[in-house]
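Here subunit A shows up in two complexes: once beside subunit B, once beside subunit C.
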Partner chain A sequence: MAFYVVQFLTGLASAASLFLVASGLSIIFGVTRIVNFAHGAFYMIGAYIAFTLTERLSGAFGFWGGIVLAAFAVALIGVIVEMVLLRRIYHAPELFQLLATFGLTLMVEDLVVLIWGPDDLVGRRAPGFRGAIDFFGQNIPSYDLFLIVLGPVVLGILWLLFQRTRWGVLVRAATQDRDMVAALGVNQKWLFTSVFAVGVFLAALGGALQIPRDAVHHAMDLRIIVEVFVVVVIGGLGSIVGAFVAAVLVSELNAFGILIFPKISIILVFLVMAVVLIVRPWGLFGKPEAAARKTPGLTVNPWRPLTSNERLMALAALIVAAMLPLFAGNYLLTVGSEIAIFVIFAVSLHFLMSVGGLASFGHAAYFGLGAYGIAFLAKMAGLPMIVCLLLGPLLGCMGAAVFGFFAVQLSGVYFAMLTLAFAQIVWSIAFQWVNVTGGDNGILGLWPSSWAASPSRFYWLSLGVAALVTVALRAMVFSPFGYALRATRDSGLRSEAIGIDAKRIQWTAFVIAGTTAGIGGALFAYLKGSVFPDNLGISLSVDALVMVLLGGVETVSGAVIGAIVYKALNIWLVSQTDLSKLVLGGFIMLIVVVFPKGIVGTLEMLAQRRKKASPPGSPLLAKPIESAE
Partner chain B sequence: MSVAPPLLAVEGLTKSYGGIHAVRGVSFSLRAGEILALIGPNGAGKSTCFDMLNGQNMPDSGHVRLLGEEITGRKPREVWRLGVGRTFQITATFATMTVRENVQVALISHGKQLFNLFGSAPKFDRGEAGRLLELVGMGGYADRPCGELAYGDLKRLELAVALANQPKLLLMDEPTAGMAPRERVELMRLTARIAREKSIGVLFTEHDMDVVFEHADRILVLNRGTLIAEGSPAEVRGNPQVQAVYLGEGLVYDSRHREGAST
Partner chain C sequence: MRARNTFVGAAFALLAGGMAHSALAQDIKIGEINSYSLLPAFTEPYRKGWQLAVEEVNAAGGINGKKLVVISKDDGGKPADAQTAANELVSSEGVAMLAGTFLSNIGLAVSDFANQKKVFFLAAEPLTDAITWSKGNKYTFRLRPSNYMQAAMLVEAASKLPAKRWATIAPNYEYGQSAVAVFKKLMSEKRPDIQWVDEQWPPQGKIDAGPVVQAVAAANPEAILNVTFGADLVKLVREGNTRGLFKGREVVSFLTGEPEYLDPLKDETPEGWIVTGYPWYSIKTPEHDAFLKAYQAKYNDYPRLGSIVGYQTIKASAAILAKAGSTDPEKLIAAAEGLSMPSPFGEITFRKIDHQSTLGAFVGKTALKDGKGVMVDSSYKKGADYLPSDAEVAKLRPKD
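Entry: the complex of A and B
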């Protein structure tokens, strides 16, 4: 019995940090509507700076002073980030904001390694809380008890801040209707900045307070951000009480999940999240969100199929790409195959995201499922490659059918988070079900049959499939189904009023996108000769998002160009520099701030301007070249 | 001999939110080709009433029948399939698609081709889409992005979309709200002409009394959730109760309100 009590208390202690970080994220989202992916990064910087300060400053005062000072220092960094980066993108679509803050996260990951080195750092014990308290033969660290008390205290302070101060009233008003608050003459800029600073302060404090419990390392940002997403989604975005309750719930699920279901401890939390989202899509303490006001003047070039000239150009590009083996070596051909595979992956997400308006943050799940499908078929059933390639993607299709059914019940940020959670579930299964998936060691030794074994043949295969998939999906954009899908994206009210069952249309699109991603994953497994849990990880999902946005989310073929540029750049960067994340992160932020329309969108805009300047004649919009290299 | 059921028959429609009775026991019917206006002051329950007709909102009790068939509580998309078109108070269109594509989506849905993955949508029923746009006077705007249209044009586009499934009944919630006076008259004349030609029943809510009295065959007056009058424009105009609660403006309304509160 005592053991369970101690386990419960450990859970409560973990909840404290989680609550601090989650409440910060929630407050920021409530007012600025930005889902701050970089929140985990601020948490991490908080921990690193606190580590340095507590090492330098001596005594109890030095330790506690160092922790608080660290949180203030990071809050200051937050203010700079808000003023330099976020202020430029408050009116951008929410996806761009997520990506910009993700870019920031990437940069921070490299920066902390640059400053503090790659090794884990173990910090000082907290003065006054070094020992443990004996509880019926079980030890409870006294620092845990301190954290257990701290959580509710912070909740109380935040409550007072929001209920009893003028600033709090403004923040609550802005959470309900920020346009109205601005119309009432409140200086929105400084309100946003201060809110961001408070949110970041809480995150950094959460990180700083972790140093007596855990080592500081450079991957702690991603781990916490996924948990924090889960917490705010369960609790309800924008609700601080919700964040507290959900933080406790999640921490206890973690603490007891390990005892009860050691194999699926990670999944438990995500299952609870999925259930909450389906029963109460706006979270336990959240409120159903009113439809966001659309940014006025948001016009998009009407989409149209390629003209016959453009088709010829696309075909020419494809032929040029197909001639690569004539002059390129094996390494370049492997790179080419990988790029072609990522084109498949990117266009599959594009279909869901641009055409359907459903931004999946866990699209890698279906890519990875396709890859694992191949591994099971080839290694366990011993089927030949051609059969595997045809059947393997079916695993991606089935995964998309199951998860997609639940995901399309939601939309916007919640859709993004639910897809992320599903991807994490699949990842956990791949990681923990060692008997079947090999866990972290993956499944090795998947080699193509002899007809596709040479690099040039495999390249042709990948290129051919990529071209086929791109053409098929593009045809679907301009099919009656594609129109219906765009209709559900543009106006749910109107599409329902003209007899369209939006959820069924979106579910179908989800399955199509998942299956297509599975095709990419299947080829990827053969290209690499192995399958790992990373093939369905978050960073791969984000790669897909970046590719689509880089090409231009409002265009039809941007994903193809985006995939080629991003993947080529990525491969080149990794070979050139150790700081690839720093460069990539900066690059992502640059796109979001300077070229929000992406490469193809920007080209289209320029062409449009030139057309308007010259007398009306040929309706030549420079549409992307449909190359599939 | 049985008498053919009316196009739309509404019986005892009731809806309350918490303690507020938004709509109480509203009953009326509508014939094919008839233009019926539903009027009433702000908060009278017009929109609630409207939303319950095509399944946008669920009534607490009461019945809605279309040609004798019960459609109460059906989903909007099912009601649409039975031949009920609808326009919204605040226009709902597909902003990133062109004007023609907006109509084509409705035609695709009408033709049950929504899950057709490999057909060509740009060529889908282009002729019919063009005819519908001509009908509402939007022929010249077919290739314009819908997001660029002026508000009055959006209203006309909505009408074209609502006509795409050859409806028997059109529900128009404040069809002329936000339009210039001349545009209002034009749109209602157009609607009336189409309704007579195709024998479509039209039910609309409206605040502009000129529009109502000029175009409606019959008028229903709603006040605080109940129907207080029904009849031809002349009858309704002369009804003292209507004058009191509706046309009589604030003073009269206020005194009645106080009486009601004290009893």
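Entry: the complex of A and C
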């Protein structure tokens, strides 16, 4: 019995650390609607700075002072980031800020290694909390008890802050309806900055408090960020109490789950999230999102098909690209094939995101399923390449059909997180089912048949498929189905009123996007000759998001450019410099500031402006025309 | 669709980048790939190791008079990126052979690439048994003692312990799974009386150490096998120390004696664990002394195991290239099979039967000295003594 009590307390201690970080994220999202990918990076910097301070300062005061100072220092960094970077892009399309915080995260990962060196750092134990307390023969570390108390204390302070101060009232009001708060004359700038600072402070404090139990290293951020997102979503976005309950739920399920299924940790949080979101679409304590007041973009530049001149230009560009094998070597051709494949992947997500208004955080699942489809067909059934290429993407299609059905019941960030959960579940099946998938050692030896084996032929194949896919998806945008899908995106109520079955249209779009991603994955399997669980992983899903956002989410085919720029730059930087993350992150942040609507989106806007020759200054600031919902 | 213009522009940029640093034609180039950005704690010393080796090889006249050049690429910890890098090295840099890699899945991906493109590949660090056995191919050789060999070394010591109830803690991926599987198999062969009472599989890099420690303690084992390393190991040790998990229990642990993983533990190093590792401070052989002196003189730092692996990877590559007298992959294979060469750990041989080198490892016990973790009572175990019989290996490995 004593054991179960101690296990429960241990779970609570884990929950406390998770809660600190999650609460910060929840507040930031609630008010600013920023999906702050850099939250993990702030957590990590908090730990690094606290390490340095606690090593330098001596005594008990030095330790605790160091922890708090570190959290304040990082909060200051957060303020600078918010003022210099994020403020510029609040009016950018939804999720665009994710791109900026992603770039920041990349930079921080390289920076901490540059500053603090590559070794894992182990900090001091907390003075006064070094040992353990005996509980009927079981040891409970006293630091765990400290954390168990700290969690509810922070929850209480935050509650008081939100319920009893004017600032708290504003924050709650902004969480519910930030346009109304702005309309009432509240200085949003400072509200956002202060909220961001508080959120970052909590993240950094969470990181700093890990010093006595963890090692400080450069991958801490990724270790926590996804888990924290999941906790926030399970609890309900913007709900602090929800974040607390979710942190406890996840940690306790893990603590007791490993007694029965020792391998459960790898997937537990995602299983919980999937179940919670299917049963309660807004998390445990969340409220339904208020109907969006703005039409998501597009009202400034209505989409139109290409003019015949533009069509000729695109064709000419394609012909030029097809001539690459005349002068490029094998390596460039292989890179070209890889880029073409990522164009397929990016346009498939773009279709879902821009046309359907459904941002998936787990799109790699269908890419990877397509790749595994090839692996199963080629290795187990021994089918020839052409048959595999035709049938392989069907696995992506089936996955999308099953998961899409559940996912399209939700919207917004909840939709995104449910797709992430599904992707992680697929990933962990690929990772764990060693007998079938080979686990993380993957499936090897999937090389193309001789007719496509030479780099130039494979390049033409990939390029041809990419062009076909892009054209087909474009055609679909301007088909009746495309109009219906855009209607569900722009106004759910109106589209329903004219008899569009929104869920079915969205589900169909999900399946189309999943199948297309599967085609990309199938080609990728042949390009690399092997399939790994990585092909389904979070980082690939994030890559796809970045490509779409970089190209411009409000464009018809911006993802094509986004994919080419991001992938080419990524491959080139990784090959040329050891600090590729630093440079790439910096580049992304620069693009975010210079092209606040994505590369293609901003260029289109500038072209539009020149055409209209409208008075200078106004279009950049022009907000999308508001619809009268 | 206007995209294509940019695409071509990007392609030109790549082309220019690729040409910018082509070495002289008579140089011999080795293409090296590792997870530099993902695992700097291991790969930084590793890089120093191979850079020292390149310097030494060239100072001694290069390879049959030609200068040795190593072109190094980062794979970011992703198999797909490792293949892109391998392709660049082979297709556009024209390297004579590939070397390196750390993670098992990346090692396998590059090994499969090497097999497909018929390029010689010397895997430096990946520990998976598959790379030389179940998924072995004729183009791939491996330097470090495999999972099987390290398990066999540890079993030799562990089977002498009186403990009968064993628990295991291992990261939940291929390395952890196969380390536990081999250890269990070899251990149960030697000691049929052993019971396996609990196993814990925390996700790699994400251990929630408190509950794991508590769960293992609840099973009340007499001995524990640990396979976690890096930051996970730190958390496990800290929680284990505070909660008294290791008190009165024997612990056998993979890799923990390597400075990369032992040094961060500082004064929290648990004493008396049986570990594999690299006690650079207590190896007194002329070969190692020479290496140590050269390394410390160049870097003013002590070597980690990664330094040895990096150093020997290039030394071995150079020896193979020199003996082959050619960069033809078939000749390189013929030269490498059965080739013996000196190393800081003594002479090693690349076995003809499975392309595994006989580089060994040190087995010893952890101890605390001046607030730092060290390995004591260590002895070098030759790799050749811990491999299964040729008949068994032949069964494990597909025919070329």
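In this section, the second predicted complex is superposed on the first by the 588 of 629 C-alpha atoms of A that agree within 3 Å, B and C clash if a C-alpha of one lies under 4 Å from a C-alpha of the other, contacts with A are read in each partner's own complex, and residues count from 1 in each chain.
As a working rule, a contact is a pair of C-beta atoms (placed from the backbone, for glycine too) under 8 Å apart; a residue touches a chain by one contact, two chains touch by 3 or more.
No experiment lies behind these values; they were computed from the predicted model shown.
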item: Combined model on subunit A where subunit B meets subunit C, clash or fit; value: fit
item: Touching partner for A:Ile500 - first (subunit B), second (subunit C), both, neither; value: first
item: Partner chain in contact with A:Ser479 - subunit B first, subunit C second, else both or neither; value: first
item: Touched partner set for A:Asp177, first subunit B, second subunit C, both or neither; value: neither
item: If touched residues of subunit A are counted for subunit B and for subunit C, the larger one; value: C
item: Arrangement angle, subunit B at one end, subunit C at the other, subunit A at the vertex (C-alpha, nearest 10°); value: 160
item: Which superposed partner A:Phe3 touches (first subunit B, second subunit C, both, neither); value: second
item: Partner chain in contact with A:Arg304 - subunit B first, subunit C second, else both or neither; value: first
item: Subunit B versus subunit C as contact partner of A:Asp490, first or second or both or neither; value: first
item: After superposition on chain A, the shortest CA separation from subunit B to subunit C (Å); value: 19
item: Subunit A to subunit C touching residues, read off their complex; value: 3, 6-7, 10-11, 13-14, 109-110, 113, 118-122, 130-132, 138-141, 143-144, 212-215, 217-220, 223, 227, 251, 254-255, 258-259, 262-263, 265-266, 306, 310-311, 313-314, 316-318, 320-321, 324, 328-332, 334-336, 338-339, 343, 431-432, 434, 439-442, 444-445, 447, 455, 470, 474, 524, 528-530, 532, 534-535, 539, 557, 560-561, 564-565, 568-569, 571-572, 574-576, 578, 580-581
item: Residue numbers on subunit C that touch subunit A, as the complex places them; value: 1-8, 10-11, 13-15, 17-18, 36-38, 40-41, 43-44, 73-74, 76, 78-81, 83-85, 87-88, 91-92, 104-105, 108-109, 112-113, 115-116, 128, 130, 135, 172-174, 177, 198-203, 205-206, 208-212, 214-215, 217-218, 230-231, 234-235, 238-239, 242-244, 260, 263-266, 268
item: Of all residues in subunit A, those that touch subunit B in their complex; value: 294, 298-305, 475-476, 478-484, 486-487, 489-491, 493-501, 505, 508, 512, 554
item: Subunit A partner contacts - residues on subunit B that touch it in the complex; value: 54, 75-78, 80-81, 86, 88, 92-98, 101, 104-106, 108-110, 113-122, 124, 143, 145, 147-148, 161, 164-165
